[in-house]
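Each of the next two complexes has subunit A plus one more chain, namely subunit B in the first and subunit C in the second.
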Partner chain A sequence: MIEIKNLEKYFTIKAKFSDRKIVHAVRRASLTIPDGGAVSLIGESGCGKTTIGRMLCGMETPSEGTIIINGQDISKLRRGARARLLQKIQLIHQDPYQALNPTHTIQQMMSATLKKMARQKKKGAEWISQRTNELLKLVGLDPSTILFKYPHMLSGGQKQRVIIARALTVEPEMLVADEVVSMIDVSLRLGILKLLRSLREKFNISILFITHDIASARYLGSNTELYVVYKGMIIEKGLTEQVIRQPHHPYTQALLSAMPILKGIEKPGKDRFVLTSQFRQSEEEQVGCLFADRCPFSQPICSEKRPELISQGNSTDAYACFFPEIRDVAAVSVDH
Partner chain B sequence: MGTTSTMKSIKQFNPKAYQRQSFWRAAWKAISRKPGRLVGFIIIVIFTLMAIVGPYLFPKELPIDPNAIYAPLSWKYPLGTDFEGTSNLALIITGARYVLLAAALGALFTVVFGTVLGLVAGYFLGWSDSVIMRITDFFLTVPSFPLLVVLSTVWNFGHPLAMGFILGITGWGGMARAVRSQTLSLRERGFIEAARGLGLSPFYILFREILPNVSSYIGMNLLTSITGCIYAEVGLFFLGVVPFHVNNWGVMLNMAVFSAGAMSSPSALPYLLSPLLALLILTLGIVLFLDAVDEMFNPRLREDA
Partner chain C sequence: MTNASSANMENVIEEKNQDMAISARNINVVYSTPTGQIPAVRNVDIDLPKGSITGIIGESGSGKSTLIMAIMNAVTKPGKIESGSVILDGKEDMLKLSTEQQRKIRGKKIGFVFQAAQNSLNPLRRVGQQILDLGRSHDVKDLRALIKYAKELLMRLGLDADRVLASYQHELSGGMRQRVGIMFALVLNADIVFLDESTTALDMLSQASVLEIIRELQKEKKLTIALVSHDIGVIADLSERIEIFYAGEIVEEGKTDDVLANPQHPYTRGLIRAIPKISGDIDSAEPLKGASPDYKTYQQPGCLFYDRCPIRTDECLKKRPDLTHIGKSHKVACFRVGVHD
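On to the complex of A and B.
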């Protein structure tokens, strides 16, 4: 069980000599991922979703807020203990072409961490090779053909599978999948998504799925939650299906409207709208709603006060908008 | 023709073709692919053998022949003779050990020192980077040749180890800077971050993840700094600033120019040209061999084309 509370992240950018610019990348993000659960973060590029994932893996240090893994606050732990705990959370990189050392064979990569695990478990070399084969088979690769290959001999999808297998060597409890399918050939995407889903179902590994593609978030299996992030703030959350069918926040609706439809098979929802203005990183801090300048439904109050993320009744749904309204934007099948 | 190409493609699709390949086999493949590389390799091997077994082939005191002073090229004296009538070829062969051993030690020292310090500075950054880089800057600004001249007055360069040490200590600065800058770009790559996330030790990351990625650069530097070291030491001996106890190529050049007057008397010319020829051939061998280094260390280039 992983809990994130009021996480904040500022990045300082050196502009000129002593001039510093501060970018507020994550604003008071809170989320909970149960054991074996799946949470998707969606939002456009630069919205801070990757930063949340990286903070969770310990690649970045939060400016404020707490990350609690299995009841332990990681900022309060000593270095060694924190490293051991953070090893349970493995990051799967967006770019499989970068995440494998070009000078190592697959076998070398797998055995690097397995050797360490073998030492902890007091197992021998036999265990290492057996486990390598086992994990490669698990992710759908044939060990005998792939073991001594170099990364450049593999396809993007195979690379991503190797990366997942390598992450599994340390027996993680959670995978942070950062845009795992965005760089992979379209025809192979579904395979990777199904793999993540089966890992979740078979081994109870929880998944934080970071994406800008709502459609792929639906493949993670049942009982998944969807968090919509805009400019570092979670603006809507809820069960994935619920959010897709009944989006309340205009930004969520804009994201759903932007999904391409299969013409002739599907037709766009009747309230579909397209944002015309671009995402801007404003110089001064905005006072009102972060989305107010792009929102087609904004009212004067929206740029004066910022709406909080408020849960609705007893459901898991929550959204940060003064004028929530369910709009019918998702595609529907033609024959309905 | 058709059958051979089909055979080749069948061989390529055979999964057994992706068996583990040892570094040495891959290296031999890279070398033997092009005749130029092979020639370079053979030249290097010949010179290495010369340095190892050369001195044992001749008596400790090379025979002198008063009747054949500055003898022209002949079957008996393939490269002529010197002022005592000693065969130039024998001088070259016996002199190779000092020159090559000192150069190899110097280059090894340069590369090991430069690589380790560059890797550590580039990966850990922070104070270790500042300290290492200031020391590097210091060594880079020390003018190496005058330093060698000064040191030679106080140090006995009779043993190649001393010479190699001095050559190395003045040479590693540039290497450290170059390796550091390569490390800086590699450390931001995804696979280094992944290794860190997997909990691998900094030692593993430095020497197993980053080092293989800069190894072709290091290998090339090793070879080029061998030639650099040879020129530096031969230059020292040629200038006569280092007292010579041993026979070597630099001493031969010095004697040829300053004692035998090879610049003006054509009869002494073989004495001058034979060490120059040795230097030229060795440099040529190294340059030809350099071509293979990239392929030896980079698995991407290693594939059967």
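On to the complex of A and C.
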């Protein structure tokens, strides 16, 4: 079980020649991922969803807030213990073309990490090759044809599978999948999504799925939660299917409206609207709702006070909006 | 038989009635590689009716971008156009014009926006200067009016025109560059526009707004647009007609809602089943089986989709099916039309 509480992250960046600017990348983000559960983070580029993922993997240090993995606060652990704990969380990158060493064969790559595992488990070379085959088969690759290949000989989808197999060598409890399907051909995306789903179901590996494509978040299996992130703040959360069908926050609705309609198979929801204004990283800190300047339904109070993420009746749903209203924006299937 | 031929006749008449902005016939493009000659585009006939949006879908490497380059006669080495004709407006053949005439047409009559818009902008010159360069190379007399029109277009695209004209490309975000690319394609009043994966690199929201702008401009200026993408969603949303491209050949074409609601080629069916959708049953989605076509696929005499096809027969291995009419404007290249998997 992984708990993130009130996470904050500030980045200091160079604005002009000698000026420094502080970017508030993540704002009081809290989320819980149960064992074998799945959480998707949805948002535009630059909204801070990747930063949340990186902090969870230990690649960034949170400015404030706590990350608790299996009951242990990682900031309070010693270095060695923390490294061992973070080994349980593996990151899968967006770009499969850059995540593999071009001078190593798949076999070299897999055995490099497996050797270390073998030492811990006091197993021999035989175990390593057996495990390599087992993992490659698990991700849907044929070990005999793929082991001696170099990364450039593989297609994008195959590379992504190799990367997942490599992440599995250390027997993780959680995968952070950062835009894993966005660089892969549309026809092959579903294969990767199904793989992630089966890892959840078979091995109880939990998944943090970071994406800007809401549709792919639906394919991670049952009981997945969707968190919508805007400018570093979680503005709506709930069960995936429920958020898609009954979105409360105008930003969630804008994202859902932006999904292209498959003419002939789908028809648009009746309240669909297109947001034309651009995402801006504002210079001054906004006081009011972060989305107020782009929101088509904003009222004067929205730019004066910021709404908090408030849970509704049952525990899973929450949204940060003063004027929540369910709008029917997601496309629905046409019946034949 | 008589039914089929009369249906064919009707189609011939219908096609003649509608003016074609571009009518390409029998296009063949070959790439010479160390492993031999690879036909990237084979025997493709494609029509772009005036004032309509046509979508071309295919996996990466299926030859869809090569086709667009061939239509503009801009295929680069090691590729070569082996045969074919591209008739513009029922008049000149793009493949037979002199290089200077071709250059005049590209940009002025045909606009294009590429996937990586940042690569088509000069990093050393401001956007405004590049518009002037474009105007000069196409002998535009009134450069002041050109800039004015560029500003108007940028405003339409939701950008701060003065700021954009004074910026270098690195000062603009991905979405802004893509919009600038669209402005460049339209500023010389091109009436045919090719959009090659031009929204793929964009975020959901900017993609939606760019698509909306394209839709508006198309209606207003009666543009002829060819939209190339691997994302069936973008194409399905925007285009009236759709061409499904597989391994260098068109395997199915027709009206978008027709093809999507009633796909006939097993590849089209597989593709539609394989896309993550926001609606419908998630368990009915299934990934497309098999691997993308490689050079071996091209060398076999039979149907190119044979390896991955769930309804193949022995006939499919021996002969390659031609694109044939199965409805008013719906064509499929498959021997097993009507057989469901």
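Rule of thumb we're sticking to: the second predicted complex is superposed on the first by the 331 of 336 C-alpha atoms of A that agree within 3 Å, B and C clash if a C-alpha of one lies under 4 Å from a C-alpha of the other, contacts with A are read in each partner's own complex, and residues count from 1 in each chain.
What we mean here is this: a contact is a pair of C-beta atoms (placed from the backbone, for glycine too) under 8 Å apart; a residue touches a chain by one contact, two chains touch by 3 or more.
Not measured: the values here are computed from a predicted model.
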Fit-or-clash call for subunit B and subunit C when the two complexes are aligned on subunit A: fit
Touched partner set for A:H93, first subunit B, second subunit C, both or neither: first
Subunit B versus subunit C as contact partner of A:S257, first or second or both or neither: second
Subunit B versus subunit C as contact partner of A:I244, first or second or both or neither: second
First (subunit B), second (subunit C), both or neither touched by A:S45: second
Partner chain in contact with A:R306 - subunit B first, subunit C second, else both or neither: neither
First (subunit B), second (subunit C), both or neither touched by A:A331: second
Partner chain(s) touched by A:K116 [first = subunit B, second = subunit C, both, neither]: first
Touching partner for A:T145 - first (subunit B), second (subunit C), both, neither: first
Once both complexes are placed on the shared chain, angle at subunit A toward subunit B and subunit C, C-alpha, multiple of 10 degrees: 80
First (subunit B), second (subunit C), both or neither touched by A:T103: first
Closest Cα approach, subunit C to subunit B, once both complexes are overlaid on chain A (Å): 5
Contact residues of subunit A, present in both the subunit B and the subunit C interface: none
Partner subunit A, residues of subunit B touching it in the complex: 15, 18-21, 189-191, 193-200, 204, 208-209, 212-213, 215, 297-300, 303
In the complex, subunit A residues that touch subunit C: 44-45, 155-156, 185-191, 193-194, 212-216, 218-219, 244, 254-266, 274-279, 330-334, 336
Residues of subunit C touching subunit A in the complex: 59-60, 158, 175-176, 203-209, 211-212, 230-234, 236-238, 256-262, 270-272, 274-280, 282, 285-288, 291-292
Contacting residues of subunit A [partner subunit B, same complex]: 57-59, 83-84, 86-87, 90-91, 93, 95, 98-105, 107, 112-113, 116, 144-150, 152-153, 163, 166-167, 169-170
